[in-house]
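Chains: A, B, C, D and E, in written order; residue numbering restarts at 1 for each.
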């Protein structure tokens, strides 16, 4: 579904991604872990064009989003194509980024109506089903500010799902939440995984990585150091840096 | 050191504290746990007069801060006395509440100079010792906005200690922090406990409660339900609500 | 020199007999205005100076907002109004006047190429005047003409009105002839003055109504100046001929 | 008291001039200000700089001067020169001047919207224009209400500057009567008129703020 | 060109009047505004309401009217009535008016400071006065710089209203010369003078903002 080859990205003088590659198949649930500042978020953001890469190649479901030619010039496809390709990926942020001036329901149906040009009646059943799925059917008329953090994040997930993406990207979806609220979001994500959604999840929740992900990758200082099936990753990490990190998290 | 008797507190129609009592001896390290909204913060804030109680009695080191007479009228001592008594307690907040316009050092020496009327030279050695103790000696000239969350919280601890309190109150000192930054703050608190500081700590960190506290109290819906030595508390909780809560946290 | 400074001090003192405060519009050439050095000059200024010398008092010139002249006089901040002040019946109710020292017409100024030649031609036209000037009363006194006008526009000052005349949005401006001639001299090719006018009138010096003592003294000084020719001399300096009467 | 009643007619006539200028200015300067704000944050350096210069010029010189300029000097400027009648000239000056102030308010409002809102809209596939129209601007309205309220109330009082073009707004009518009748009562009545107008405005803005209070940022 | 040079002297004299009024107003209205703001947020309902009414009155009526009132009508008011000379009357009106505006800016600034700052200071034993002086107000300064900058620039231009008291500020001197010489050049030169003044102010405020940028909230 996603193929990233040798991604490079620098902010000013700092090289944040130093050649990261990843292949992701349909139904994969990959957890991305690593210390703060290692480039996890930047990697995710490069995949869906929230950041532009400096070198490398990204293909999404067989379509090339960006490639680098022999002279080292990085070329993106046209704006409309970028939008079309990136729409295959839904994204959930740490800070939710819900639209505060819209109710929960409006948040969910906004993009289908504006982007996909569906009529309200067409999307409403889907939206209600999704809200029920994340356990928020009765909150459809609330504003985001009236929700707890865990509820906000579940709305964000429903909003992303309403665009029917093939792949979901999560950037630390629970780290702005109280420990007690984390559980409900993780449950929703676990449910998605069980329905075979393809997911790429940056997380600090080791339990989630251990139990839900089928692959775990470890990033440090802009490099992808380890990439292994979940069980193996925790039982027997190859790299000393991975081991040190896992120790510090327990 | 602290004796609270039958504290009652309501916000509007909601009774948030329904008769909470606690006795705390010198050197006690008490962890307060309980679900969100159970009144933990309110209890702490009543102890040092950030909220006024509606009924009950509070004594700090043998001095009465507030008492309720036979008619049920709650009487606080005079303003100057309140300030003097409450100064025996230092407090650390979840949101740090550092002064953003002052450097780390200025944050630490502000109260000793303004409140205790010490000269700068008198307090400087203490301040430097405290900053070294929390591992931030070299950050003394930084502004709070230039620090990580964990560093901010450690400055907040040093700032409270600079007033030489006999008791330290902590209200979820780590819950605004990334998991990785939590460790450094907990280490500082553990060190304080080892130096026999009397501490009352509202926390979600079960490990801290288990390993550092000598007593754990559990609050639910404005009541103090369980109060036991730490080992006993986790090994063998009496109350079903405590058991349910502990389960959900694991 | 700079007249504001002493002015502010004067107002805080009780009416000093040794000093007379003259209120004037310092944007009223040629009667009173500021030269390139920002000094107050003008025909009325010279006349007032001469009179003060004769009375043996200091004179202080105080710029006022002309449209607030009655209030200034009334509040006692100034003693005298001396700035091409037209004697009218309305004003006589609030202001004590000396006998006239000069005759003036409410002249009608039109663009050089304008078809307007008489008062009657003003029917259906837009006419400008200075707010608070005697031109307003002069025009409004002739009720039929006023009624026939398309509009009587009241400007903050005469120059704004004259500029609007140049811009073609006005058809005529009514203003004191002495003032009008001053401006027309500056742009002779643009304007002309009609034979017709809105009546003759007279300039006098004004004081507060109850201040009869000062009024009498001013009257005396003015008469003396007319008789010994010093008034005529000042007039020749400013207008090239003696128009003092 | 009878005297006060006799003032109401003329003062009301002045008030209609004041209100007319007020509403036309508002109707023109708000959209113009929005366009200027969007140009100001545009990535095209030259456009942004030009708009910035315009705003600087309009905010740096007195409105009265701008009005005199448009009325008297503009007709002689080549190409753009046009001779406007008095009220339209005042309207143009007011609209151009207030558009500059509103542009700054809008710009600050737009820039106060969190980057996360743009990213949230972007990953859902909204274009820049859609993001502005559906996500950003609706939120901007809530945030700019307080400065807009201030500026609008200032506008009510600024209308009195049109006396320089010999237009009879409320304050000028009052001054005329003060001269005629030799009493300051008309000022007091005029002050009451202004207070009523600003009160109504304050009330309208408070209602709007209340309406937008149904959600928090 | 020679003509323009000959204008500089008189216009500069007008500018000194403008600047004098500007600086005296600023020096009086800023402290007065601060006092009003503190009274406005006081818990004593009656004081807070009274200050609120004062601010409403001063912001709801035109400054020009206030000036005319203080100059012409105040002397006849019993008890407080006092006859002020022209420049002091203008200064009083400007100071009272701008104090009301500054008070609102200060109040908003003070209320924008997080409750946590008060609590942080309180648990350290600081009194309310100490908290204000050492913790709150220093932070307020940073936050109010942008609106203060706006208001101050408006003040520069508002000074031209003192023409109603026949004081020769920059704009009135320019108008006087226009009347004497019958040309609009003095207006253009005056506009340049205003632009220079507002530029200098903008620059000063930018430097202050930069200075306070060393910390973030």
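Annotations
By definition in this document, a contact is a pair of C-beta atoms (placed from the backbone, for glycine too) under 8 Å apart; a residue touches a chain by one contact, two chains touch by 3 or more.
In this text the structure is predicted, and so the values were computed from the model without any measurement.
Between chain B and chain D, the least number of touching-chain steps is 2. Using the contact threshold fixed earlier, the set of chains in contact with both chain C and chain D is E. With centres computed as the average of Cα coordinates, no chain lies farther from chain B than C.
The chain with its C-alpha centre at the largest distance from the centre of chain E is A.
Between chain A and chain E, the centres computed from C-alpha atoms are 52 Å apart. Between the Cα centres of chain B and chain E there is a gap of 45 Å. Chain centres here are Cα averages; for chain A and chain B they lie 38 Å apart.
Looking at chain E, one finds that residues 68, 72, 184 touch two or more other chains.
Among the residues of chain C, those touching two or more other chains are numbered 68, 71, 163. Interface note: chains touch in the pairs A-B, A-D, B-E, C-D, C-E, D-E. Here chain E touches chain B in the complex through residues 114, 116-117, 119-127, 130, 134-135, 138-139, 142, 214-217, going by the rule given at the top.
The part of chain E that touches chain D in the complex is made up of residues 56-57, 59-65, 68-69, 72-73, 76, 108, 146, 153-154, 157, 160, 171, 184, 187-188, 190-191, 194-195, 198-199.
Interface of chain C with chain D (complex): residues 67-68, 70-71, 74, 94, 128, 131-132, 153-156, 160-161, 163-164, 167-169.
By the touch rule above, chain D contacts chain C in their complex via residues 71-72, 75, 83, 85-86, 163-164, 166, 168, 175-176, 178-179, 182, 184.
Of all residues in chain C, those touching chain E in their complex are 2, 4, 7-9, 11-12, 25-27, 29, 33-34, 36-38, 62-65, 68, 71, 75-77, 157-159, 162-163, 183, 186-187.
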